[in-house]
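So, here come the structures, one by one.
Okay, so subunit A shows up in both of these, paired with subunit B first and subunit C after.
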Partner chain A sequence: MTARPLNRRRRAAAGIVGLALAATACGTGGSTASEGEADADASLPAGCEDYADYAGSSGTEVSMYTSIRDIEADRYVQSFEEFEKCTGITINYEGSGEFEAQLNVKVQGGNAPDIAFIPQPGLLQRFVQAGKVMEVPEGTAENVEEFWSEAWKEYGSVDGKLYAAPMGANVKSYVWYSPSQFEEAGYEVPTTLDELMALSDEIAGSGKKPWCAGIESGDATGWPATDWVEDMMLRTAGAETYDQWVNHEIPFNDDAVVEAVDAVGAILKNEKYVNAGFGDVRSIATTSFQDAGTPILEGECFLHRQASFYANQWPEGTTVAEDGDVFAFYLPSESEDSKPVLGGGEFVAAFADRPEVQKVQTYLSSDEYANTKAEIGDWISANTGLDVANVKNPIDQLSVETLQDESAEFRFDGSDLMPAAVGAGSFWNGMTEWINGAETKQVLDGIEESWPSS
Partner chain B sequence: MNETQPKLLMLMYGIIAFFAVVGILLLVVDRAPKRGREKVQLVAFLAPALLLLAVGLLIPAIRTVILSFKGPFSDTWVGLDNYAWMFTNGDSRRILLNTAAWVVLVPTLATTVGLLYAIVIDKARGEAFAKALVFMPMAISLVGASIIWKFVYTVRPADDNQIGLANQLLVLVGLEPYRFLQDPPWNTLFLIVILIWIQAGFAMVILSAAIKAVSADVIEAARLDGVNAWQMFRNVTLPSIRPAVVVVMVTITITTLKAFDIVRTTTGGQFETGVVATALYDQAFVFGEVGKGSALAVLLFVLVLPIVVYQVGVLRSQREIR
Partner chain C sequence: MTTAAAPVSSQSGAAVAPPAAVPMSGRVKKKLTSRFATVTAVVIAVLWTVPTAGLFISSFRPANDIRANGWWNFFTDPAVTLDNYSEVLFSTSAGSGQLAGYFLNSVVITVPTVLFALALAAFAAYAIAWIPFRGASWVFIGIFALQIVPLQMALVPLLRLFSEGVSIGETNIIPAPELIGAQRFATVWFAHVCFSLPIGIFLLHNFISELPGELMEAARMDGASHSRIFRQIVLPLIGPALASFAIFQFLWVWNDLLVALIFAGGNPQVAPLTVRLAELAGTRGEEFQRLTSGAFISIVVPVIIFLALQRYFVRGLLAGGLKG
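So, the complex of A and B:
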């Protein structure tokens, strides 16, 4: 990217400010900051010129707590290696399957990690309101200003103050399909919602069920159905009403929501459409989201709406590409002119303001980190400094293009923004009941009732 | 600092410190003046246990009660709001009803099944084997048992091969496959079956031992009086083993009130199967509603309390008889 050298200079300036803060914190006085910068620079190992901004905290440790485990966690650890080697800061990464609950316990018990990757802005807001999260340092704020869209910045902020820089991202508005199967049957990738429904009818007319879905996900059962509703809200009611709905400025059982849920019902509760490869409508509730798309490979199912990260769920040996076994198309909206995009991501919240913590924070929000991490694989970010050329697999490339598309209107996964009692509770449970046979209005009334009053 | 030290070393320090404290304590008690030595001993030996009880049980319990009157961030007082929510909200009413179903059904059915089985196999051939068969589930963890039963209840479409035992049986006798875990309110019943399956073995073992302890004189006297099997059970066996039955019932009731693993593993509280313990966890740790979670915890405590008091009463009256 042509803008890069300029960015780097600006960040160097930010780094000096950060160092000045650090120096003051150590009680040595701010006036020596620029000398400190020079010294630190000289002490960096060879080949580490890019990390000059983060120098001066050698021998310190930063603890990091996230919900990401296994191979993806290894990739994170790998992405920090060079940073650690050059700056001398050790990052202690810990991933947990019980992240949300355990983070709560750790923070309340006075044992908070230095840095946590929080995937739910709603959860972030709770910690901010409890006064536990530090505001981002200046260098991070500048990075966010420069590399992220206003919408993303807003999701990391509480009451106008930025508390967490965005990091990883995913795009949820995708429909998975089999390109070869489509070609064989002569189906076209639909570009409007009407075309999508027409295609579904056409497939159903041929005696096969078009859609497969599954919302079982352990104690998070129901979330894929809430994604469906959010995607439809953006399409039938528009982004503005979506925001009002997420912020509870309109009730959860508003007519606009009823309309969106019924639009989902036109697919998910249509016995002619679902559940390809698994059974009837109610089998959606007990089919795990990991398995839900696999009938596509066996030619039993044609369409499966799921996020970009579903790419990791296909069995080994499946080619995910536009000319491969499976690929995804954008879940179209009512007209070709509007392009709402539903997505998710993580935010980097700091529970400490030691200089080394702030340096890690700033590094994670930089375009260098986004490119380093993307090159390792299977990861993207909404960081506009991310070069598509560094992203390897086709679905991730498509996602980066979607995220960086100027005409696309990005909205964060609503259930992650709502209070946890709704977004990780009654909304999930409600949609599971809805799939299980409950009426739309009755389910939405129940969720509205569960919205916390405070 | 502590993190950099090897864990074994830390462990050793802990053990040394423990022995040092105990050693000094014994020394002090031993050196106490003759007069009032008993009192010193009493205090010295009770103090550590009381201290640990206070830190680990009493203080958290009091804190939970206090938190139950506060809001989600524990910074504002909300009076009885959390309790009002508990009894007025539709979802939590369902949870209370489910818990009631568990508490009524599990202890009675598990004890009945255990008792009948114990009587039937008493002095029968292969008694040990028959006992082991029913006691076996006790050896499986609740989560393990739940996973087993989740497979048993698995449902597939009618025209596919069933992989769940229960539905395979239904299909064999010509019925439609049934969604055991998905249809309220009956799904709660099928979850209850899991706990009964586990607890019946416990009831059987204790009651069987009690039956064997019934004095042979009494039985012989009854036989001479010409009782039939039912009269023998109703008028001789049951009164003799009553204390054991009470202990079994109480123990199972307390286990049932705390039922958490089964619901969380099989349905995650979905499909209207939630109970107090799962709701408590969700509210306090998942939703961050510490106040509501604490209120549910207090409710659980209040429900367990009378049962414990009753049990202590029974134990005391037994001691008096002896």
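So, the complex of A and C:
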């Protein structure tokens, strides 16, 4: 259905450009696959040998819809340039802040994009169950098999079938700090949770507050606190219980969850620990997450737990490096042996199965693309084919190392896996209330009740 | 900031005035012009203007200052820069701004929409009011009732009409229009005009039906056709109502985000300012200082339109609404 306008344009474009018209254009049915490929190869411009697998769809267009915009969107567009030049496939990139709601409308309205980057496996699952998402083509499946860990593959699958290859990734289990400040005061980067608490006590003992935090984020206020809880869940209860919790196999107000939230409370609700540079515990709820870490630069705050993407939030001129103004360390677990990693990422779902769409899908899941995109900067992937040497800035290098660490156990951000009513609703609100003084048990009971019954 | 205060006070005046029946109007007028009322109006105007003024001041502050502290610090520590404006208007990066192009898109969306809606609503209102045909009042009631249907309900079906056409069973009755690139402006026009017609027809009908019937009869005696009566008698007389509806429609379409998002999407060829504005702050809001200047660029046109035509606005709205 959506193919119609494209087909027409495709013919027109092929006619104008005069590219191997007979074989590549509208597929009249007579030409065999081998003929098509041979001709297509011949039409590849020089220097495009790497793209031979994706040839044969010159003059076609693929629409792409994502939640990523601004400078990061520019970088995506830039990363497609060579692919577009070589294969003749035009990628129309569109990023929107209303991605989640709009994608739904577009799909319902028969106007679905060819490809969407879906950051929530839960949302992907909904579209798959509605029968809208195409299964990945063979080439993509092979790439995912080769380059991604079992956990990542699982998050892109529904009922054992792979529907979306993973794309970008970020690591959430980080604590931001100022290396120079640590050095001056003689603090060591902690390697266990106990050491972290001991360090917090030490800083608090020196008359300063160690932690700064902020969970305000417009209509998504509360999400940074849910990340805290998820990270603690992985540490106090373990990955298996975490999975059960996310899939609602144990209730939301289970004792394990209460324990994890209280462990967060030992930091976020401790008047001696927070909220450095802003005020008391309640100020966490009114501090925007974008600003929450800035007291570190002024020496007022020592520790700030936030994802790797927080690197872009520092004011211009801040050096993010191990020997720079700020850097991050891995939020330690209870012992040095276990290394649970909380993270997020996007998945490439296709709503059409035209050959050019499948070619783009396969290209995006390849290691070549991961390296091309990483070289442009500020982007990482859990693709194991990604060479750390191609990653420019230190925080991204650290993230890639964390993601590729054999001993690390990756888990996806739980609130993106839960039903939207909880993961993008009551969980956020509940944590905001909790910061504002509500009791742990009472808050978790409320969230449990809001879990959709079907 | 007195400019922004003016519409506020006149609006609050308008909101109070309608219930005043004729014998009471003198008393109401006296009450409204008392010193107390004036002070209240000024206080309300100031309160309403403070956030806007803060935004305006912020738009001239350096990005790091905006992040660090509130706009009121401007008075103790004034630092003025036009960086925010130049960044959103003229930057070369596709990600940050380039509002100039979207500004044009907004104009291309708004102006035709207003004209189409005005023309269609005026024709329909005249026909319902002065061309006697069976069921005219039922048609009017139907249109009136359509106002209560929220436009959100129509979004998906309308989008489907544009992407798939209309089919009953397997037969395709209306084929999909296959609009590409800038042709997609048509879908936005169409959607906006559809959504504005019920209120437009209602407003203009009330105004047109109040015109003295003798005028029409006399013209018809002289052999004027309906089209001629409409052009030469009705149109010149309904100026204020047309103007008020035009402002209404203009402000609504210019500030609309929902319809534009759905029918134009983020496609730089057709997306208006509002869509761009919503995306300006970056994926995680890291560039929110751009919103200050971006907002003011998008406000400029509606403010000019409103100030230029505001005397029609109140007059025309009342004229249509008072009919009862």
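Quick note on the criterion: the second predicted complex is superposed on the first by the 423 of 454 C-alpha atoms of A that agree within 3 Å, B and C clash if a C-alpha of one lies under 4 Å from a C-alpha of the other, contacts with A are read in each partner's own complex, and residues count from 1 in each chain.
FYI, a contact is a pair of C-beta atoms (placed from the backbone, for glycine too) under 8 Å apart; a residue touches a chain by one contact, two chains touch by 3 or more.
Because the structure is predicted, anything quoted here is derived from the model rather than measured.
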Clash or fit (per the criteria above) of subunit B with subunit C on subunit A: clash
Contacts of A:Arg282 with subunit B and subunit C, given as first, second, both or neither: first
Partner chain in contact with A:Asp291 - subunit B first, subunit C second, else both or neither: second
First, second, both or neither for A:Ala420, with subunit B first and subunit C second: first
First (subunit B), second (subunit C), both or neither touched by A:Glu433: first
Which superposed partner A:Val105 touches (first subunit B, second subunit C, both, neither): both
Partner chain(s) touched by A:Ser450 [first = subunit B, second = subunit C, both, neither]: first
Contacts of A:Thr221 with subunit B and subunit C, given as first, second, both or neither: first
Partner chain(s) touched by A:Gly156 [first = subunit B, second = subunit C, both, neither]: neither
Stretch of subunit B penetrating subunit C in the combined three-chain arrangement, among 97-105, 133-141, 187-195 or 277-285: 133-141
Subunit A residues contacted in one complex by subunit B, in the other by subunit C: 105, 218
Residue ranges of subunit B touching subunit A (in the complex, touch as defined): 71-73, 76, 89-91, 155-157, 160, 179, 181-182, 264, 268-272, 282-283, 285-289
Residues of subunit A defined as touching subunit C within the complex: 1-2, 4-5, 8-9, 67-74, 77, 92, 94-98, 102, 105-106, 108-111, 217-218, 288, 290-291, 294, 309, 312-313, 315-316
Subunit B-touching residues of subunit A, taken from the complex the two chains share: 100-101, 104-105, 123, 126, 129-130, 218-219, 221-222, 278-280, 282-283, 285-286, 419-421, 424-426, 429, 432-433, 436, 446, 449-450, 452, 454
In the complex with subunit A, residue positions of subunit C that touch it: 63-64, 67-68, 93-96, 155-156, 158-160, 162-164, 176, 178-180, 261-262, 265-267, 275, 278-288
